[in-house]
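What follows is chain A paired twice: with chain B in the first complex and chain C in the second.
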Partner chain A sequence: MRPRFLLFALLLIAAPALRGQSPPSLRVNVLRQLEFGSLIGGVDATMAPADSKATALFEIIGPAGATVQLVFTLPDQISGEGGGKVALSFGPQSAAYSVNESSVDNIPFDPRAPFSLKLPPNGRVVVMIGGMARPSRQLISGRYSGNLSLAVTTQ
Partner chain B sequence: MKGFTSKLALTAAAIAVSGAVANAQTLTSVATVSVSATVTASLAATNGGNLNFPAVIQGGSGSTILASASGAGKVNIVGANNQGITITATTLPSTLAGPSSSSIGISGYGYCYSQNNTNTACSPTAIASGNTISGQALSGTGNGYLWIGAVLAAPASNQTVGSYTANMTITVTAP
Partner chain C sequence: MIKRFALALALLGPAAISPAVLHAQSVTVAPPVVVIDHRSRGGSIDLYNPSSVPVEVSVSLLYGYPVSDSLGNVDLNTMEKPPASEPSAAGWIDAYPRRATVLPGQKQTVRFLARPPADLADREYWSRIVVSSKAAALALATPDTTKITASLNVEIRTITTLLYRKGTVSSSVTTSNLRTAVHGDSLITRVKLDPHGNAAWLGTLTGKFVGTDGKTVAEFERPMGVYHAVDPSFILPLDSIPPGRYHLHVELKSERRDLPRSTLVQSPAVRDSIEVAVPPRRP
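After this line comes the complex of A and B, so read on.
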């Protein structure tokens, strides 16, 4: 009986410690899709990451103080039902991040290359991305869509 | 008892090693958003050539230029490939204005429409100011051509000598 009691007591002592050692997690949540809105064939449209309510928003939540690397998979076009394509491009300031989810403190970066940042003490950063859409004059009216991904990895 | 203590020690060590691996591992997370836009096709109509009648003589005959003739007025239309269009003869003047408030009549408008840049094989269709031409489409490369002809009335014997002009307005829309 005594060994069993001893084991039970040790498990009780160990339980809180085990809970405290839960493995760190990293999440990327989508807060908003990237919507260029209404475009006219032949007229380019540029959306800066912070000057519109239609840029894509990601929320990164991870270990406080951790350095994370951001890698975007950027589409070079979006497609319409009729087979037409709207060309997309991204520049050195098409993306930005903010620790306060504010348009005031956002820091621009180039989404075309891997980018590293340090998570703040609360472990949360908001990343926004815009870009340029180039609908050709020959496009048929309609809805065009595609996907854009963000991979975040701790370093 | 000694054997049990060894098992317990082994268990504790295993937990500790597990925790260390968790702290050192690389974490990755991926999220995807949709990228969308709504496109409205562009459509433009431009002057491809004015309808110029040859000189007429006081008291002489009028002049006719068919829409299938080389001197017909022309509108070039560009837009999306195979785009359906509606053409409206917004304004086809009934007179041309000349010097000293003089005028001369114009009527008998006809048109030719083609996706190709040629009107020679066309049989003109009559059209009046305000009429619409529906059911047409641009070519596979997004082009269309409209020709307009008309009949210039015979000038009066006392018709003021000079140049007479007016504007035609053609509107092209995507239905």
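After this line comes the complex of A and C, so read on.
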């Protein structure tokens, strides 16, 4: 009984150190897709990264101190099942990142250009991206969708 | 702009601004740097899906290395067909499998097999591993066709490094043109870095602003990969350094917190320094 207890105690003590020895990796989680929701023809819909709960949300987890480069490939329109199009646009503050997953301390950046950031000591950063949808007045009803890609590169 | 945003939110209604979390889509790539030795000619990465949905992944290789622009921003320069003078391994390394669906909680090992040219010279060869992932198609609820709804599907491309080493490899780096400049509310340090040897220099650059009393008032640190000459910038907020005279000490060591030592080609530390005068802030 006692050796088993000792082994258990040793494992408890060693657990943090063992966790610290895990091999380095790079993880990108898509926590949320970008949803413009229901649109009204002729009314622009803007999703600011900090304010909206419908912006795309990514979590990047990697080695502390590593520099990662983010490159978004952004569509300029999305297509409807019936063949229509909705124009999209992105601006200099359409994206932001936060090391605390907070809308208060996030730092905006322009998703139209490559952007590099250093992973904080906990190795985790949250990236948000919004944008503007510009449906025309004559737009037919239905579901419109497109593709957005995020390339995360380590140096 | 704010008015327009508020109007949009008001018109969109609660359904549109409620959290649109679909299913977390995720993939972990480990390790971030793969080193293949010419004797074994093989290596691997593990792709792990910790999310609750299946993820479709595709793996490809691409040649690329970091470059800096006129402002010192560092970007990855990729080439589909690199010139023969570039030490690309992308054309003769294959990934198996190239496509897979990784189920929730499952791991997929992707193996790399090199088929280098017979007359391959001793040195290090480079490639980037591109892991593209997207959530596997799921059955959608019947959409309400009376409304206009819009969304964007997301594809993630995780780009990591592959190094292929044949024979004895060596690497070092030299510095030149260390300088600083004030731009707006930032103090920008730049230094030209030239790699030497037959392998990329991987390491960490640190910079310290040391006052006349010997105390460090500000510092920066960045993991670096120097494949070709680069002239990167390091930006500090100007208000983090009181006006005065300093010595800026820059040091490059072949150590990386994010990479095991066995991955790095060791070289002596390199140091450079200049005197810097930080001007008073303008009101």
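Just so we're on the same page, the second predicted complex is superposed on the first by the 132 of 155 C-alpha atoms of A that agree within 3 Å, B and C clash if a C-alpha of one lies under 4 Å from a C-alpha of the other, contacts with A are read in each partner's own complex, and residues count from 1 in each chain.
We take it that contacts are C-beta pairs under 8 Å (C-beta built on N, C-alpha and C of every residue); 3 or more make two chains touch, one makes a residue touch a chain.
Predicted model only: the values in this text are computed from it and were never measured.
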- Task: Look at A:138 in the shared chain and tell me whether it touches chain B only, chain C only, both, or neither; answer first, second, both or neither.
- Result: first
- Could you say whether A:108 touches chain B, chain C, both of them, or neither, answering first, second, both or neither? neither
- Task: Please work out whether A:62 is in contact with chain B alone, chain C alone, both, or neither, and reply first, second, both or neither.
- Result: both
- Message: So in the superposed three-chain picture, is A:152 touching just chain B, just chain C, both, or none of them (first/second/both/neither)?
- Response: both
- Task: Using the superposition on chain A described above, determine whether A:118 touches chain B (first), chain C (second), both, or neither.
- Result: second
- Query: Of the two partner chains, chain B (first) and chain C (second), which one does A:42 touch, if any: first, second, both, or neither?
  - Reply: first
- chain A positions within both the chain B interface and the chain C interface are 23-30, 32-41, 43, 45, 56, 58, 62-63, 75, 78, 80, 86, 133, 135, 139-155
- Query: Okay, in this complex, where on chain A does chain B touch?
  - Reply: 3, 7, 10, 14, 18, 21, 23-30, 32-43, 45, 56, 58, 60, 62-63, 75, 78, 80, 84, 86, 88, 131, 133, 135, 137-155
- Which positions of chain B touch chain A when the two form their complex? 1, 4, 8, 12, 15, 19, 22-23, 25-42, 78-83, 141-142, 174
- Task: Could you please specify the touching residues of chain A with respect to chain C in the complex?
- Result: 23-41, 43-46, 48, 51-54, 56, 58, 61-67, 69, 71, 75, 78, 80, 86, 114, 116, 118, 133, 135, 139-155
- Query: Which chain C residues qualify as touching chain A in the complex?
  - Reply: 1, 4-5, 7-9, 11-13, 15-22, 24-33, 48, 50-51, 66, 73-76, 128, 130, 132-133, 135, 143, 145-161, 221-225, 257-260
